[in-house]
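Letters are used for the chains, namely A, B and C, taken in the order the chains are written, and counting of residues starts over at 1 for each.
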Amino acid sequence: MRKYITRRLLMLIPVILGVTFIVFSIMYMTPGDPAQMILGESAPESAVKALREKMGLNDPFIVQYGRFVKNAIMGDFGRSYATKKEVFAEIFARFPATLQLASVGVLVAVLIGVPVGIISATKQYSLFDSVAMLLALLGVSMPNFWQGLMYILLFSVTLGWLPSGGYGSFKHFILPALTLGTSTAAVIARMTRSSMLEVIRQDYIRTARAKGVEEKKVILKHALKNALIPIITVVGLQFGHLLGGAVLTETVYSWPGIGRLLVDAIKQKDTPMVQATVVFIAVTFSIVNLAVDILYAYVDPRIKSQYK
Amino acid sequence: MLKSRKLLAVLALMLSFVFVMTGCGKGSNQATEGGKDSIIVAQGADAKSLDPHATNDQPSSRVMKQIYNTLINTNEDMQIVPGLAESWEQKDEKTWVFNLRKGVKFHNGEELKASDVKFTLERMLASDKVNHIVEAIAKVEAPEDYKVVITLKEPFAPILAHLSHTAASILNEKAVKEAGDNYGQKPVGTGPFKFVAWQSGDKIELEAFNEYFEGAPKIKKITFRNVAEGSARTMGLETGEIDIAYDVEPVDKERVKNNDKLTLVEEPSLSVAYIGFNTNKEPFNKKEVRQAINYAINRDDIIAAVLNGAAEKAGAPIGPKVFGHNPNIKPYEYNVQKAKELLKQAGLEKGFKTTIWTNDNPVRVQIAQIVQAQLKEIGIDVKIETLEWGSYLDRTGRGEHDMFILGWVTVTGDADYGLYALYHSSQKGGAGNRSFYENKKVDELLDKAKATNDSKEREKLYHEIQEIVVEDAPVANLYYQTQNVGMQKAIKGFRLHPAGHHRLYNVSY
Amino acid sequence: MANVANLQTADVKKTKKRSMWVEVARRMAKNKMAMVGLGIIVVLVLLALFADVIAPYEEVVIKQNLSMRLKGPSAEHWLGTDEFGRDIFARIIHGARVSLKVGIVAVGISIFIGGSLGAIAAYYGGKVDNLIMRFMDILLAVPSILLAIAIVSALGSSLFNLMLAIGISSVPSYARIVRASVLSIKDQEFIEAARAIGANDFIIITRHIIPNALAPVIVQGTLGVAGAILSTAGLSFIGLGIQPPAPEWGSMLAGGRAYLREAWHVTTFPGLVIMITILALNLLGDGLRDALDPKLKQ
């Protein structure tokens, strides 16, 4: 097991290197001069030129990229062009907000999605199934930011129950988590339903039923346990994505997360910030995936023997 | 079953870990309940840095204005008044002497000395980001503890206005040296509020500095919140989460006005919005074409539709609040007939195809759409291209564009800042003259006005410059936007500053 | 000899394939929800095709009338007018053209690139597989929004570049799907048979493997069109959408958000249309999945 984890982590290195190369090329090739961005539209050209020179932006691409890799290996990802803060300090300052929102969002999604999926599967083609699946589909179909604006209108402005945005207290969590949660719940509910449907048709379920095992037990103990793998996969994937920030939800609710950090950095041509954020997102995503794979082993002992 | 229970336990543990680690649930931020000695201010973006030499953006300046002071202040009526310097005199054309206020304390307990001023201005001159604001300065000396002598490279009349810029805020030498590279997150000033904490991307907290030289402020705590969505700022006002919201969206203005718990203050700002023409390119090298477009644009429609009336039609390139504004210049009237005639004179009666560039600012995108429709009336087929801000500045600086939409804020409130960069031929391209306009006479007058100390004489020169520039029409000035702030009615003592960074020292509940 | 054999297998395969698709269609027809979805899509496509007949583009869709700004639904303007006084109903119908095109072309791009890469990876295996799939991992790790901004700012913001941006960001998922299904096919007997009679790699991949790996791609593609439409809307929201005045649903929705409370109809109707379209595509996709999945046969 430990070997397996080590190998997976080692495999990350080339991926990360590739990612940095692509990001660096993108930032290098797209028009827009970081020096001009820093100085703003009303700065004299001589100042822009001097700053370009100072920042080493006139060096050839390979020299610039090499410098980045060398510093990165030494653990120095540099400082943001825009704020002069150390990029990872900034990312870690923002990450808690993202982590909390992603966790609560996924929790909401699982609490809604899994039960709805199970009931729909056991009562396939019933009224509940149709209505639940339709609602689940509506959840995926609604643009996130639109849903967010509607919630604010209803819960903060009209009813006055919840804050319209911001970060800090428990109340601030409810709307963003609900927005993220409902669209994620829809994905989870559909996956749970189809995975359960597949399992329910298997022979051993029939056997269990024939033996006279209580229906509730059949579903929750025998069927769910075996349907769990694809569900965990989806939950893990969604969680991984949310850890990369949810730009639209963050924007609507003024949530200080990773997603907006990245978008702002891209818009400002803040290359060090973009690099570090993308690397960070890629690493967290891979770690979540790895965690999901390890979880498989706990859920299904057959898989455990494959980790060598 | 056992396994899944274990799983649940693990999940629960992870979640609680997340919350404990990140210190979630730290009490609520409701502003309106209880203690009226703290206020929450919302603006559209987070500050970038609180080091005045590290950035020159509006959100940062708005926070720094509370933390720092400048030698000279420009007050809300755009008059030059004493700041940290209680008096000053001009020794000769190029030498200025400033006498500092005594007993001014920095937030770290240090006393303000002339050496701090010298240190600050020298550091500013070495900063690539803001040195252009004080580039006229050749040398700063501190002969006595409370006396500063500034020598200019050449006579530069608007120097006082430039020293009142927030970027020229006075820093404490010791604090800057101690903080090193992290000074932007540990600012120390002489202002009425001192820095407490910064939750990146979310909020900045300041508290009252009781030893402030004009007396402790009435408010004990200010929180600057970053609320990017305009509609969210208004909603926050309505729900009472926000006390003061900067830049209420035009469409929300009525809503704030009609709410009996809120007020809206609105005044002209120092900004002008304009459409520029690339005068290097066909057919914009023809004056008639540029004038024709000026006549074909219905500015009233733009102001009504895009800004809900929150602007004044622009004729002169600098607004009424700026020193040197020429009040006799009327905006181009909306006259399609005249526009067509001018196009005919230019030999383009059939119209032509062109593009207009804008960045992704929604107001500009809307203006582009309206102008697109209006120019269609005179046969000009305009394609809109929305560029991301970085490439927009970069490519317009290199002159790849036909037409473009941009704004200019004359932050110093002096005509030099608003006219030199935009219309002097030495400033072509990224420096500000993105229409690549060149007129020898204008160059000459701009240089002369810059060096003239007599303000009557200067004013006359600037009036003349504006007349020529408007006639030549390298740009179509659209409007001077008004700025607004929405706030709870209970708030007293708030005044808008035309430059946009409002002083909160006098604010109280 | 080889030719004859080739002909024969092809013939057998063709009839087999035809009966398979007939079977799928029969199963689809029984699924009411899927048919509702299909019905909605057909109506949308028809509206898009005949948009010019219903509302002329120049005079109605992009012509501004500022005196008619933000008027609510009425007999004259069924769904009201937007912030420039344009008829929202007409814009939604013409928007169907843009949005459906964006969705379909973007997915087409990702299927073409992703599918080819996935097929090549699976078919050749070994180093090639490893190289391609690691590259896919890298691409997956680059946030799609960065890709979109990069492509749009490097190549200019045309409709095609937007489709390219959205398309490229989902290349890895198609590569994975195709790779997986090709892997499950490539060792089956009929492939070996084809190789035995001298078919080259190109023929085997295009004639035998791709058609048989198509089912999961079709399902994913249907859902992908929905995803692409949503992505476009999201990009519009952060200011990187389609160039005005083209009526695209996402930018209509995003542009109207400032008037959410003064003029609810400006965002509500485009929002509803997006929702219904996505819903229909999802119903159709789910139906296809069920119909194509032999395991779910009852």
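General observations
Criterion: a residue touches a chain if its C-beta (ideal position, glycine included) is under 8 Å from a C-beta of that chain, and two chains touch if they have at least 3 such contacts.
These numbers were taken from a predicted model, which means no experiment stands behind them.
Using CA-based centroids throughout, the chain positioned farthest away from chain A is B. With A-C and A-B as the two chain pairs, more C-beta contacts join A-B.
A separation of 44 Å divides the Cα centre of chain B from that of chain C.
Rounded to a whole number, the gap between the C-alpha centres of chain A and chain C is 23 angstrom. Mean C-alpha positions place chain A and chain B at a centre distance of 36 Å.
Residue positions of chain C with contacts to 2 or more other chains are 149, 153, 257, 260-261.
With touch defined as above, residues shared between interfaces to two or more other chains in chain A number as follows: 30-32, 149, 157, 251, 267.
Counting partners per residue, chain B has 231, 388, 390-391 as the residues that reach two or more other chains. Listing the residues of chain B that touch chain C in their complex gives 230-231, 249, 251-252, 255, 301, 304-305, 360-362, 365-366, 368-370, 372-373, 383-388, 390-391.
By the touch criterion stated above, chain C contacts chain B in their complex at residues 62-64, 66, 69, 83-84, 149, 152-153, 156-157, 239-240, 243-245, 255, 257-262.
Only residues 30-45, 47-48, 50-51, 54, 79, 82-85, 90, 93-94, 96-97, 99-100, 103, 107, 149, 152, 156-157, 160, 163-171, 173, 221, 224-225, 228, 251-254, 256-257, 260-261, 267-269, 295, 298-299 of chain A touch chain B when the two sit together in their complex. The residues of chain A lying in touch with chain C in their complex are 14-16, 18-19, 22-23, 26-27, 29-32, 130, 137-138, 140-146, 149, 153, 157, 190, 197-198, 244, 247-248, 251, 262-263, 266-267, 274, 278, 281-282, 285-286.
The touching residues of chain C, when paired with chain A in their complex, are 33, 134-135, 137-139, 141-143, 145-147, 149-150, 153-154, 226, 230, 233-234, 237-238, 250, 253-254, 257, 260-261, 267, 271, 274-276, 278-279, 282-283, 286, 295-296.
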